[in-house]
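Listed next: structures, encoded as structure tokens.
What follows is a pair of complexes built around subunit A, which joins subunit B in one and subunit C in the other.
Our next item is the complex of A and B:
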């Protein structure tokens, strides 16, 4: 077994759940309450130094009894070692987990993607918005098992909402000022962005 | 093949050029189509191959690719179109001046193809009017060239006298190009995708 797991158990005790080896990778399940603490320890402790967050994703199984998992892929660049950390969430409860953006700035967009696709809320995230689907997307979270393959709305309604969407509405005020497109926006949208407000779904006819 | 021009000997010495005005205009339009490439996927690779030296659609008057819609005649949608890009292609289409045509290149642009899912437009004809559909996944350059030649044929059959042919057709009060029932009908699953699993 990976020495990181034993060290984790020695440090955090019962917060560390089961661990397994699969295809040469180590997967360790941790409690969501201590996630930030555990991640900080994994990043900063000499001998661990998992300084690189490769990816964050989530898994929902077809078996409804199984919990939803948020998966963190960690790598230690100096030790050339990988570790996969999973947090289990009860799908019937609140899907909230602490954001790791204070530890890895690169987690920002990764967590936005998981939020966009699964609806998992990352507490403490600085800018938790949809990233792949557009801001006014109202059909839900596409990678959840209860999401119909073709979406919830009729095709005509999907086309109507898509055509009514403003392509510029995907960007935050920071992104727009980088693109210097901010001044070209209609005044109402500028006002909305300044207030940090989200877009709205256009009225159905 | 019908000849566009006729030269006639009139009163001995001078050559006169006689043609129908329609035929002259259509000949000029068809043989200098400036394409606006809207490449989103693997079809765009075949599009580039069509533009490059081996197939070279410059032979058909498409020498200049217009990367600005204001100077373009034919919008070539090469690849799948997600809903997020729907307002973009509609804006590009609206920015193109008349006369303008649209080629839908490949299965995904024409019907949604294998992507019968929540994110993909099921045929760009629900967004913009399409003149020529080129099937294939992706079509070979010969296929696209054949589509371009079909478009030439279509253009040469147009008449300036048809009222409303070159009028802009803006979106209706619902912000749609077609009635909702028609969009639903066009977007119906077909082929293998009717057997796809639907949860919920």
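Our next item is the complex of A and C:
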């Protein structure tokens, strides 16, 4: 077993869940409560130095009883060792986990993608909005198992929404606020900005 | 006066509620009627892309400019999102391979290899020696075509046309070899779980050997035209600098990471496909700017050529596929004549190859960076989750950090130096 796991257990005790080997890789499950603390320890402790974040993703199993997993792939460039850290989330509860963007700037887009695809909220993320799907996308979270392969809306509904979409709704709140600073916004968009609204699904005529 | 002006006026705004064109609000203009406008303090928001040749695909950058200086870059991606990861959950492992062609479509064969290796790791399959060498050939050929496209398009972005023609000529020669081997130039679908779609045809080895002999000449020509060219150096040196710590913090990989001085290459540091037995060097930069990224990729082409020469010298005889009827389809002639072979054929086509419960991650050194394939299996023939770690998506995330404070024209150079392929960024 990977020595990092024993060191983690010695430091964090019961916050560390089960550890397993899968195809030669070590996977350790940790509690979501002290995720940030554990990650910081894994990154900064001499002898661990998992300073490189390879990837963040999430897994939902076909078995609805199993929890959702947020998976962090860590690597120590010095020791050339990998460690996979998982956080389990109860699908019936709140899907929230602390963001690791304070530790790795590269986590920014990766967490946005997980939010976009699974609806998992990363608390403390500086800019948590959809990344691959557009802001007004209203069909849900595509990589969840209850999301049908062809999407929730019919093709006709998808076409109708695309044709009725306001191209200006594709400006993010951040961009609107930049324009607002220079008195460039028309009233309706200024109103949208004031409400902090991310854009709406166009209604049919 | 001229038609052109009118087109431009109509093309930029969106349509209002009444169907009448409205002014795009983010363009700069006088704040009020009759007011004297202070141009010095005014910032301008412009849209770069999604339909713009210099963004290398459907990337949209909203750029806030102070004069010509970039104050802020807000990238928007997702215009090419195809849901490959979702599609993969509905397909057998071998049916996923065509999807990998279409992610990073400038190095399809390397993507095929990466995906097949992850599935093999999950299933515990050890591939044959000949297959290993052929897969190395596939990976290095992909590296050369990907870097040649990068070099050509980047030199065009920065105003040099000739290297583009030379680079695409070389790419064409690799594409011919690729077509000879797989029958396709872009959508190769080369690998299968446990082996390859086909062995290399007659004449392939000679063709590749001839390529490796003349290819360095082109590289040297490009080197002579660009490396000490004052315009090229002026446009690229000191632009988009990332330090080693920043590069690690942003999870960069591939030439982007190494240009910043971090000597990490999956082929050397976590070897796969027996890369540790090949004699090659990994170039490492020191400045982390666009120029160093160019030098990295140019040198990597030389090194790939070296690896290709070594593979040709050592290519062993033997089968390309593992001898396991549960994984590899029997030859058509046997499936038509032999009962047992026909049953295996039927079961594989109808039920697919079942993977044991578990999960596997394989990262390989793709031209763009570390391509990861992560499979989670619940014991059925279709994965529960297929995740691609997209190197250019993660590298692109650092563009705001790199570009802010530079000139708008440098943003083009920086964006080019990331080497993105939107098929992979958006997947």
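As a working rule, the second predicted complex is superposed on the first by the 169 of 205 C-alpha atoms of A that agree within 3 Å, B and C clash if a C-alpha of one lies under 4 Å from a C-alpha of the other, contacts with A are read in each partner's own complex, and residues count from 1 in each chain.
The rule we apply is simple: contacts are C-beta pairs under 8 Å (C-beta built on N, C-alpha and C of every residue); 3 or more make two chains touch, one makes a residue touch a chain.
Everything numeric here is computed off the predicted structure, so don't read it as measured data.
> A:133 contacts which: subunit B (first), subunit C (second), both, neither?
both
> Which partner does A:90 contact after superposing on A: first (subunit B), second (subunit C), both, neither?
After superposing on A, A:90 lies clear of both subunit B and subunit C.
> Considering only touches as defined above, state whether A:108 meets subunit B (first), subunit C (second), both or neither.
Touch status of A:108: second partner only.
> If you stack the two complexes on chain A, which partner ends up touching A:158: first (subunit B), second (subunit C), both, or neither?
A:158 sits against subunit B, while subunit C stays out of touch.
> Examine A:44 and indicate which partner it touches, taking first as subunit B and second as subunit C; both and neither are also allowed.
In the superposition, A:44 touches no partner, neither subunit B nor subunit C.
> Applying the document's definition of touch, where does A:60 land relative to subunit B and subunit C: first, second, both, or neither?
second
> Just subunit B (first), just subunit C (second), both, or neither: which does A:143 touch?
After superposing on A, A:143 lies in contact with subunit C but is clear of subunit B.
> May I ask you to name which of subunit B and subunit C touches more residues of subunit A?
C
> Mind sorting out which residues of subunit A both subunit B and subunit C touch, each in its own complex?
Subunit A residues touching both partners: 133-134, 142, 147, 149, 166-167, 170.
> Over in the complex, which subunit A residues touch subunit C? Could you list them?
22-25, 27, 51-55, 57, 59-63, 71, 73, 77, 80, 82, 84, 104-110, 113, 117, 130-134, 142-143, 147, 149, 166-168, 170-172, 174-175, 178-179, 181-186, 189
> Okay, in this complex, where on subunit A does subunit B touch?
Touching subunit B: residues 133-134, 139, 142, 145-151, 154-167, 170, 202, 205 of subunit A.
> Which residues of subunit B touch subunit A in the complex?
Within the complex, subunit B contacts subunit A at residues 83-84, 86-88, 90-91, 116-119, 121-122, 126-127, 171, 173-176, 180-181, 183-184, 186-187, 189, 196-200.
> Okay, in this complex, where on subunit C does subunit A touch?
14-15, 22, 24-29, 31, 42-43, 45, 62, 64, 72, 74, 76-78, 81, 83, 85-87, 90, 121-122, 124, 246, 248-252, 262, 264, 269-270, 358-361, 363, 370, 372, 374, 376, 378, 384-385, 387, 389, 393-394, 396-398, 401, 426-427
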